[in-house]
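Two complexes are shown next, each including chain A; its partner changes from chain B in the first to chain C in the second.
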Partner chain A sequence: MSLLATQLINLFAAAILLLAFAMISQRRILSLIHLFTLQGIALVAATAVVGYVTRQPHLYLSAGLTFLLKVILIPLLLHRVIKRLDVRWDVEALINVPTTMLIGIVLVIFAFNLAQPIARLSLSIAGGTLGIALACVLLSFMMMIIRSKAVPQVIGFLSMENGLFFAATSATYGMPMVVELGIALDVLVGILILGVFMFQIREQFDSLDIRHLEKLKDS
Partner chain B sequence: MEALLLVLAIPLVGSAVLAFTGHRDFARDVNVAFSLGTFLAACALTARIVSGGPLLALDDAFFIDPLNVFLVTLTAFVGLTTSIFSRPYMRVEQDHGKMTPARLRLYHSMYQLFSFTMLMALTTNNMGLLWVAMEAATLATVLLVSVYRTAASLEAAWKYFILCGVGIALALFGTVLLYMAAEKVLGSEGGALLWTRLDTVKARLDPNIITLAFAFLFIGYGTKVGLVPLHNWLPDAHAEGPTPVSAVLSGLLLNVAMYAVLRCKVLTDGALGNALAGRLLMGFGLISVVVAAFFLSRQKDVKRMFAYSSIEHMGLIAFAFGLGGPIANFAGLLHMTVHSLVKSAIFFAVGHATQKAGTQVMADIRGLIKVSPTVGWGMMLGSLAILGMPPFGVFASEFLILTTAMREQPWATPFLLLALGVAFASVFGRVLPMVFGETSVKPLAHSPALLPVFLHLGLGLMLGLYVPPYLVGWYTQAARMLGG
Partner chain C sequence: MSVLGVISQLLEIALALLLAPLLVGWINQWRAWLQNRSGPGLLQPYRLLHKLFNKESVLAHHASPLFRAAPYIVFSCMLLASAIIPTLSTDLPLSPAADAIALVGLFALARVFVSLAAMDVGTAFGSLGARREMLIGFLAEPALLMVLFSASLIPKSTSLTTIVETLAHRDLAIYPSLAFAGVAFAMISLAENARVPVDNPTTHLELTMIHEALILEYSGRHLALLEWAASLKLFAYSCLGLALFFPWGVAEAHAPLELVLALPALVLKLAVGGALLAVLETVSAKMRIFRVPEFLGTAFMLAVIGVLVHILGV
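Our next item is the complex of A and B:
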């Protein structure tokens, strides 16, 4: 395997992580969707390079699938949702940006530590990127916690899916095709349901603020 | 083989048929018919496994052994009885204007799809497809929970989706790690996620990776099992969705999630050669039992209370499997069966009771026995059964779990006994005035379907007095496979 390819994969991995950071600090929903699309592109590129290096044709297929789903279909759906709901300039976060960033850095260090014993053992070229994938998952997780609006929560959810997908490609050259198709289908159906949900929540509460959804408590 | 295909095909076709025909008056009967078909196919499959031993079908894509065949039958059975229960229930809901034809169409179609995803999760041999099926089951039930479109049901469904979505995403990460470990031993020529193949090479899987993989798989599927502290979605989803959905969520989905955890546990035990998986199950199980018992005592909503009771019992089951060994595993499997039967019976009775009273608040439901003795008795007997009164089956399994715990982990028994005591006092103290006393409830236009309630309670009673030999055979084989 060429040095260039490894460098390329590392580059895309870094881009994915950087975009995850950008997402947790971004407050505008429209920019958030753009960042998500960019992350999708980086993911597709990384998958394609891994596919080229390892000569695993099914990785091209999964790269194509990701492109279709994460770069075209889902951003398109999200754009339509925010246009119909008119929430483009929402500014909200439960914690301020510097604190978020600091917590994010701690999470990344934690993820790298967790993945280190495994990365050393991994035979695959991109084994070292497992830490990055795990960091992305944790960062998206945090994004879902600190955001109080429905759309950013959903984007956080999708970004987590990106991190998982990256873990699958980089650590194992992709899961078996049937599993990957199943996952793609679940993601697609999930996002459709969430879209429907957002309209229902809006209809019910006249807002997409998740803080309305805190009525059910154990009393 | 044909039976297996039928088990999977009937609910899938049923879902499509019910979605395309739209809501007609006969849709609820069609729903029952498809559930009956699934149940008969499951019986045929069971007969085939009993006579011919474990079955690998379709290029090893499906694997049926004593562990999952009993869950397949249970799932198909409770699916059938719940569909019978939902006929009069949904008619009343329609009269009350809570269900429109469009919602009924969604409900019936998703009901069948949900059955399909659960059966798929149980029968597949592929750990990746197991994940896909579990996620699909979440998606199908999210729509069922939010079917009333009220503020509370939307909140419950959103919480359910996000929490279980995150949980199940972590399980996917665990699956990726599992594949990573397996690929080194089995190669990437497919097959590295097939459970049967993993089982044969489990001792050679890398322990470092498997430890991390199990942690993620456990958190992920544990969220769906409803183990504390990942249980937040469960009471809301149970309380706000339609009651038939609460019955299948509690009686079936939690079992299927537990099944996924067990499959992972077997691999982890083999790879690590230590008791890590068992300890985790035991610890989280014990916390769930205790926390749920105390939350239970603070509930005002009847469905929420029984949802917490489900968390408690799933905790007990997790604890039993964590203990491991032939007796505790046997008790765990028995407890899964009786809990599923009794809890769904309770939800059936509760469903009729809340419809009669027009509320789910326990303080407003009084004197059921005067208006409808059968519903009242069903609820009373069901509560006694779930609280572990002899001679019901829950008593037998709890007794086995407790005695094993006393022998192997004596420190845990005071906690378990305390939790069971608290649960008993709070549930019994609340159900008693609901059943007896002065009445405030009105009779309903459609007579309730009480056959499922008493059928389930009867089976629960039978399992407490006498477990048929072939069932003992299954349980023993499955318990041996689970090891520990």
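Our next item is the complex of A and C:
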């Protein structure tokens, strides 16, 4: 039973990493949001399985919270934002996709090696997936760096939060409830503020390209 | 080598020869249904083969013997490939002759000969198709090898029968590395079998065709053999995918009852897989040829991550 559960957690972890890779190779914003939603679902499933195996009811709660927030609310908000900004078919990255993929592989190897000694100390059932969680964080980080437009950067930020959340679940069976609620609220407020921010950028520069922000003065 | 082994080997070859055109017909039928057409019927590929075998084969004046030999070489490569992939049983007398790496080599051999033959007559379309085929081939082969490696790391053997035996008959285990390999394999098979995101199997439009451009100069029995070989290739890839990622129902050695049950299981799995392929082909658009390296690069990367996930021990 426990073996099967571990394997299930590993499978969901692999799905999360797979989706992170799909996100860095994706050019369309609409598909990006769909992938983000799928990643949220995989995260919810992984959290629920960990909660079931370790009999920790508060993990169900955090899975429910994740579901509400990352599978329903945030994708809905993002859909509204891109509809009102009219940027559904945005295609721009600073580095081309194959190079990104190669850097991604290097990041995965780095993350796995980094996480191995820590995972050995962890007594948690899903300790082995720490490397995957770390790789997701790094990949989302890279996605924020290589995208020049605002909306993909926000999605990268949210996906990074997914990775962190999964790391917490897999290494220590989740954070205390207060912290988790705080983070959930933070993310929600963050996405609202970033949404307003995106509208402001567009107002100012007639584009969502954040390279415009590098100039301090408007000439 | 047991009598049962020989029987299952012969059964498998006969099954591949008979079922391969049916699989193509099934996929075409589903595609027609999904596009609101009535479709040519399941048996159309057999009728096509029958027609082509009865027609005279026309050769160009300056066609070399290679041009005439290529269809036979390609056909026998594909036949051997489908003979060593365990579809019904893992007790195959032919399988020690070739492991997973040799299987990739067999596909490569067929590709080289069909490309050489396409360039042999010297028409523009032939060499255009050959170049594109080689472009796809050199990107798809390493990815396919990586997929097979990530599967063969689990039983620590590259023999296909051992892999399938381990995956199908040990206690239930979920391997994350196989999830990556599965996605990569699906992408590679689409590219290798000239299916829609990479090539359109029904087109004869000059600028986009790859597979059709290669066999444009062939007619009569040669064309029939090449068409049959193409359907065998699709069958072999489908069976390889089923054997690696959905191996349930493949019979073990010395189990005649399982062998009887393996046939309906295989047909069911192929039917579902064929329908899914038709859905995928209907909902996706053909990509530009310059996007293909990106597509296959992604497949290669996924396969590499599959191997990494296994080696670094998640």
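Convention: the second predicted complex is superposed on the first by the 214 of 219 C-alpha atoms of A that agree within 3 Å, B and C clash if a C-alpha of one lies under 4 Å from a C-alpha of the other, contacts with A are read in each partner's own complex, and residues count from 1 in each chain.
Rule of thumb we're sticking to: contacts are C-beta pairs under 8 Å (C-beta built on N, C-alpha and C of every residue); 3 or more make two chains touch, one makes a residue touch a chain.
Every value quoted in this text rests on a predicted model; they were computed, and no experiment measured them.
Trainee: Would you sort A:74 into first (chain B), second (chain C), both or neither based on which partner it touches?
Mentor: Neither partner.
Trainee: Answer with first, second, both or neither: which of chain B and chain C does A:15 touch in the superposed model?
Mentor: second
Trainee: Please work out whether A:155 is in contact with chain B alone, chain C alone, both, or neither, and reply first, second, both or neither.
Mentor: Neither partner.
Trainee: Just to be sure I read the superposition right, which of the two partners does A:65 touch: chain B = first, chain C = second, or both, or neither?
Mentor: So A:65 meets neither chain B nor chain C here.
Trainee: What is the contact status of A:146 with respect to chain B (first) and chain C (second): first, second, both, or neither?
Mentor: After superposing on A, A:146 lies clear of both chain B and chain C.
Trainee: Counting touched residues of chain A, say whether chain B or chain C comes out ahead.
Mentor: Touching more of chain A: B.
Trainee: Looking at the overlay, does A:109 come into contact with chain B only (first), chain C only (second), both, or neither?
Mentor: second
Trainee: State whether A:53 touches chain B only (first), chain C only (second), both chains, or neither.
Mentor: The answer is neither, since A:53 touches no partner chain.
Trainee: Please give the residue numbers of chain B that touch chain A in the complex, ascending.
Mentor: 126, 128-129, 131-132, 135-136, 139, 142-143, 146, 149-152, 154-159, 161-162, 165-166, 169-170, 172-173, 175-177, 179-180, 183-184, 188, 190, 192-193, 206, 208-209, 212, 235-236, 239-240, 295, 298-300, 304
Trainee: In the complex formed with chain A, which residues of chain C make contact?
Mentor: 172-177, 179-180, 183, 293-294, 297-298, 301-302, 304-305, 308-309, 312-314
Trainee: Taking the touch rule as given, give the residues of chain A at its contact with chain B in the complex, in rising order.
Mentor: 56, 114, 117-118, 121-123, 134, 137, 141, 144, 150, 153, 157, 160-161, 164, 167-168, 171-173, 175-176, 178-179, 182-183, 185-186, 189-190, 193-194, 197, 200-201, 204-205, 210, 212-216, 218-219
Trainee: Touching chain C in the complex: which residues of chain A?
Mentor: By the definition above, chain A touches chain C via 3-4, 7-8, 10-11, 13-15, 17-18, 21, 25, 97-98, 101-102, 104-105, 108-109, 112-113, 116, 128-129, 131-132.
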